[in-house]
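Dropping the structure in here first, questions after.
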Amino acid sequence: MRQEMLRRYISFGLLAALVLAFSLTSEFFFTSNNIYNLLRESSIVGILAIGITMTIITGGNDLSCGALLGLDAMVISRLLYVNEANVWIAITAALAVSLLGGLFNGFLVAILRIPDFIATLSSKFVFSGLTLMFAIRSATGMITTKTLSDPTIKWFGGKLDFGLYYVTIAFFALAILSQFLLKNTRLGVHTYAIGSNRNSAELSGISYIKTKFAAFVMSGFCAFVGSLFFLGKIRAADTESGIGMEFQAISAAVIGGCAFTGGRGDVVGTVIGVLFLKVLENGVLKFNLSTEMQKVLTGSVIVIMLVFDAAYNKYMQAKTSKSAVIAREKREKKVGAQ
Amino acid sequence: MKGKNLSVAQLLYKYRQLLILAALCIFFAAALPGMFFTMSNFRSILYSMSLYGLMICGATFPVLLGGIDRTVGAVAALSGAICCMIIVNSGYTNQGVVLGILAGVGVGMLSGIIHGVIVAHFDIPAFLLTLATSQVIYGLVQVTTGKELIVVMKPALFTDIGAKRILEIPVPVYVLLICFIVAYFLLNHSTYGRRIYSVGGNREASKLSGINVKRTTITAYMMSGMMAAIAGIVLSSMNQQALSYAADGYENDVLAAIVVGGVSLRGGAGTLQGAIFGSLLIGMLNNGLRLMGVESIYHNFIKGIIIIAAVAADMYSSYQMSGLKHRGGKKHPHKQAAGENQ
Amino acid sequence: MMHNPENLVEMRGIDKRFAHVYALKSVDFEIRRGEVHSLLGENGAGKSTLIKVLTGVYPKDGGEIYFDGKPVEINSRDDAFNLGIACIFQELSLVPTLTVAQNIMLGKEKAKLGVLQKKSMNREVSELIKRFDFPLRAEDVVETLSVAQRQMVEILKALSTNASLIIMDEPTASLSSKESEMLFRIIGQLREKGVSILYISHRLEEVFQLSDRITVLRDGQLVGVVPKEEIVPADVIRMMIGKELSEATASRPLKVSDAHTVLQVRNLTRLGSFEDVSFEVKAGEVLVLAGLVGSGRTEVLRSVYGADPIDSGTVLFEGKPYRHSVSTAIRLGFGLIPEDRRTQGFAPLLSGTRNVAVTNYDKLSRLGVVNAKKEKQLGETMVKLVDLRPANPTVPVGNLSGGNQQKVVLGKWLTRDLKVILIDEPTVGIDVGAKDEIYNFIEQLAARGVAVLLVSSDVAEVLRVATRILVMRNGKVVHEFNDGVVTQENILLVSSGMAEDHRTEAKE
Amino acid sequence: MKKIIALMLIMLLAFSFAACGGSDNGGGSGSDGSQAEGIFRDPKKNPYSDELKIAWIPSDAPAANCVAWGAGIERELSYWSNVTFNTFDGERDAEKQSSIIQDLIVQEYDAIILQPYVSSTVAVAVEDAEAAGIPVICINIDADSPHSALVAMTDYEAGYAIGVEMAESVGGEGNFVVIQATPGATRGENLEEGFQAAIANYPGITILDEQTGEWNSEKANAVMTDFLTKYDSIDGVFCHNDQMAEGAATAVQTAGRLGEMSIWGANGEAKALEYIEQGLMTGTVYTDCYDQGATAARLAMMFIGGNLDTSQFTQTLQIKMPPIVVTSENVASITEDMRW
């Protein structure tokens, strides 16, 4: 536990260092407007990342959640624009689509036994295919995108008087809730158990199928919440909305301490990971850099961060393993003396 | 029990990927009489999958080690750019072409070595590392090309790589064939391949058996970089240009083909021919759907469903076959991978 | 059928098939209330299958199960759990990233509306730990614990269910003898409380120390049920394997070999692991590093092999120092059978041939090209050399039984021109027959002039093979048994630090 | 070329006054007094002396046309030593562009030149930028919300012109195929609509097939190869950009059916012009991207220094760059310095 905490402090420290570096070098970085904007940018990816964290902890992955977000957004747009449906009906429909999407992933992984990576990659094709099929068509049959003007949708893009966006509130609320879910509920412990050691979890009577389904449905739900705020912000859904966002979300989760082998990481780590990525992305825009240097810098900082983290971890492990041996020896001595 | 007298079920299982391809072929051949099942169409399928195939021949190595290389697209763009720059600067001479190809491949290998060193020395998730570095490499491509579109329409030595046909077969297909044979040979008949499977199967045991795990890892990424670089050169020759965002997103298709082909992302299980099967499956679907005149917007959906069906059939047969293990019969390593991946 | 009211569990005519092969064939089995019942048999005899049928992991193909005199259907682990059957499995079945408390309460968490009551669970687990006086804390994360500690968690987990039957599958496999004794005390306590124990172990002396009755299986069929008092170990072994084994000696004469020194270790130190370790191994000698789990023996072995760094000291091979790396060591003729074969010994997905060939490619290849024919031959040679079962080198090693897996790991080295073999706990979790085969290999190797350095916590094993014995405690060599006759008691006393003047005792 | 620009600026001024008027009329529902004050404001900065920051957000920075636009903008802005110019890559991601705009608002940029990837997905961000007093000038593709100005390449007209050229070349009778943009991309949508409108006038023309080439040369090559397998007679192929047309041309050449059909792209990038010279491609629609970029830059400077409050616009000012249909006949008239 102590080592986990240490890792947490390190990743938090790296984030703080990055914030400090940008604050010192750019007058625009540490301004309230930028902070709110930054948080807003982080929030949609962050909401997706929360869902992905659940699936990664079960030892899986969800490459489809970005496409699912896009599908939800498209469903809402189409219902509002083409069918002129009531906004709440549209939102309910999107929720249903999301949950079905999560169940579909769960079905592929838990029932058909397809490995998570291939299963969600395929369902990414399926969801993005559905998005294309749902897309709004112009009179000549060409796919087009339309801006929505519905006040409810606009509300989702709104903010509090002092500048904090609703989406950020939703993000943090969801983060706190899911952290609680992971750490303090039966389902949460089962999620870790399935990811960490599936066999023993099943021997303890935990259902692999139920836990997997729960994780994917959570991920689907996060995609749904994300899609609402995505629409609030962009007010239009295009055929590629959300696609590719999953990679950012996965990166955030992994930076935050999730391991693909499962059983590790939590939502707090993922939130730090998201903020790290977005602070970097946001900060890099503040310098007068050419686009290629922006890319090089962003990538390099991530690589340096990874290497630093790994090297430090290696060092700590070497250190703690030695102290563990000493502690064990003491214990043996005690047992021997009895 | 000797490995030779396999039952019908085991034979079917062994060649299940070919069976899936055959089923798809029969379907398309029936739906598209006189169009799908022709020499020229197979030529075009092979031609359009040759780039992916080339990348797969390399990217399978790190996946077999339990790693992943998402930089293949970026490396292809970089090697193409460097190759084209050298050809342009040499005044479109044949020596320039040779030099350009060597430099392009060299840069690819260098990039692979760098990734290999980082992955081998630090316990970094390769997925994230290569995601970040591919951004860096694309940035470098833009620096290299100065964001210009570099057009190379001569000499013939260069443009022939992508366009010429020898005995009615396009050159990229030959390049793919050669690279496939090299990679296949390395993986199946060389001590290096044995080491790859061993390290992917159990890193610690391999280390204790005297395998230099770091060197194996570095060379695996080097192979990946090299093949991606060759693909990049073929790509730039096909298009007669170096584009700074060339092959963007190819890594996703390449990895999809590899996993669809049954290579376990945990390493140690799966075959190169399986991975090539994956890309043939996807290539054939693209081709068949287009020939059937299915509107583009339905392609993704249909592809997703068919991949699910193919993989589910694979999983189901593995599951059924696992009942045979108590007979001590010959087992395909992939089946285990399926089980392990649950 | 008459039911004996004393019986807690009765299994009648149990059948279990895997793809037409009988794993169990009409087996009758019963456990009385409050008895310790041992189930014996070689690997593959059907012990694990029987337990899995009893705990609902496998559905049975025929027969009936009675619990408390009533016929029951056990179709899932939940069914078994609800009846009061708890199980400690052979392969540690803990969740490494969860805490001790979370593991113990796994699947039966206390929760209100799905929200965990962490405090009350931690308190309950702490009390449980205190009751048995285990060196554990409820909040420890399992992956930070030693193997022995994990075993304790496993036991607590089974105890926490208030089960009426606890199944223990090789519970002492990775415990030191002190810890084992503690476990035996607990088993005694449980028996007094009326809990039935189904005890499975390859260590016959434990079985005889603990059991009330013994059931022996062979080839999926029942051989017999006997009260402990009416039988001697040799009979049990005969029942298990159908042939007589030489009785494991209670003592062993040692002697210093006059062959040339192969391996010389001088003042070897690795901070935090071991300090100032010196010894020599001569050709044909079996030098055993005895001691408790965690006394630094494994680390010495790995350092000599070049797998772990050393901080000071020297290692000489045939009088000369060598580069500190695994590949150099292998080239010189070293071999290692590692401690945990699952994580360090073999690649489970690869065939026996491929696993064995890994250390032999210098001979199987030219210019990096593998000679497939030679490789295949090697596989077949290995099968014969180690008597692998099934005798098929193409089966993935992960599908073999523990004993056969260990044979494959051994096979990696047998075809090489070995000079030194380092062996670490070679028989953990292996049945008696296979154990004996492995001892024979060790003896054969020694007879060929190979210097053997063996780490073992099993005192009977030490006495079975050793020509000399070093005892380590807390990272230091505390005693050397060079000549004379050594007994189990000698070694145990020195290992645990209870005998201060070991030399005189040893030389008795 | 310079003359055209001068003419355009005059047109623009005329437009802007018209727009102001329009806005006044359109905003009749509000209070008249505030409206009149609303449309005019004091210039925030002096474009000749104050430090200025102008951003260029292409949909895909490394693409040839985006590079050319950028170069045009940069060339124009280099006359002003007080202007800092910077490029931000939209990475072919509709949401990314919107995020960048939001960030530039925070950074208090003075003007934004934008080439939207999808019109609708940048609308909100453009609205926010205008509300923050940052004039947004779009290049090529309009944003869905009213903003300062659009310097359009007139894709609809280009598509229409290509349709007419292709149909006329086969005498109104023939079979065409289309290799489309990535579904949903606004530019492809506009080109396609124009093309379809033109073809509708020729009942003898059949469009055999339409598939996406995802803007990408080698993918278009594969698509075209399949078309060639499928159809024995194709009289013309229209691709939504030059990259795809080049790929299609290579496929047709490899199949040895080059003389059979006309191959059209759209953009007018240097390589396509070279293909036309070599007879591999039939034609494309050329736009002087340098000029287009420069025009956008000039507009930006004008709005910064002007007294128009562009956020009050209810309609976007439009400058249309004339589409020049390029075939082997007139390709030589596009000189080296105009090529990009």
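Chains: A, B, C and D, in written order; residue numbering restarts at 1 for each.
Everything below uses one rule, namely that a contact is a pair of C-beta atoms (placed from the backbone, for glycine too) under 8 Å apart; a residue touches a chain by one contact, two chains touch by 3 or more.
Just so it is clear, the model here is predicted, and its values are computed rather than measured.
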- request: Name the chain pair with more contacting C-beta pairs, choosing from B-D and B-C.
  value: B-C
- prompt: If you average the CA atoms of chain B and of chain D, how many Å lie between those two points?
  reply: 37
Field: Centroid spacing, where centroids are CA-atom means, of chain B and chain C in whole angstrom
entry: 43
Query: Centre to centre, by mean C-alpha position, how many angstrom separate chain A and chain B?
result: 29
Query: Measuring from the mean C-alpha position of chain C to the mean C-alpha position of chain D, what distance in angstrom results?
result: 73
- request: Return the residues of chain A touching two or more other chains; collapse runs of consecutive numbers into ranges.
  value: 132, 135, 143, 291, 294-295
Field: Interface hub residues of chain C, defined as touching at least two other chains
entry: none
Task: Could you tell me which residues belong to chain B and also touch two or more other chains?
output: 142, 147, 296-297
Statement: One finds touching chains in the pairs A-B, A-C, A-D, B-C, B-D
Message: Could you list, by residue number, the parts of chain D that touch chain A in their complex?
response: 61-62, 84, 86-89, 93-95, 98-100, 102-108, 118-121, 123-124, 144-145, 182-184, 186, 188-189, 192-193, 196
- prompt: Which residues of chain A touch chain B in their complex?
  reply: 108, 112-119, 121-130, 132-133, 135, 143, 198, 247, 250-251, 254-255, 259-260, 291-296, 298-300, 302-303, 306-307, 309-311, 313-314
Chain B to chain A touching residues, read off their complex: 118, 122-125, 127-129, 131-140, 142-143, 147, 256, 259-260, 264-265, 296-305, 307-308, 311-312, 315-316, 319, 338, 341-342
Task: Flag every residue of chain A that touches chain D in the complex, lowest number first.
output: 28, 31, 33-34, 37, 40-41, 132, 135, 138, 140, 142-147, 157, 230, 233-236, 238-241, 244-245, 282, 285-286, 288-291, 294-295
Message: List the residues on chain C that touch chain A in their complex, please.
response: 57, 77-78, 81, 87, 89, 91-99, 102, 106-109, 111, 114-116, 118, 135, 139-141, 144, 146, 176, 178-179, 271-273, 292, 294-296, 473-475, 496-498
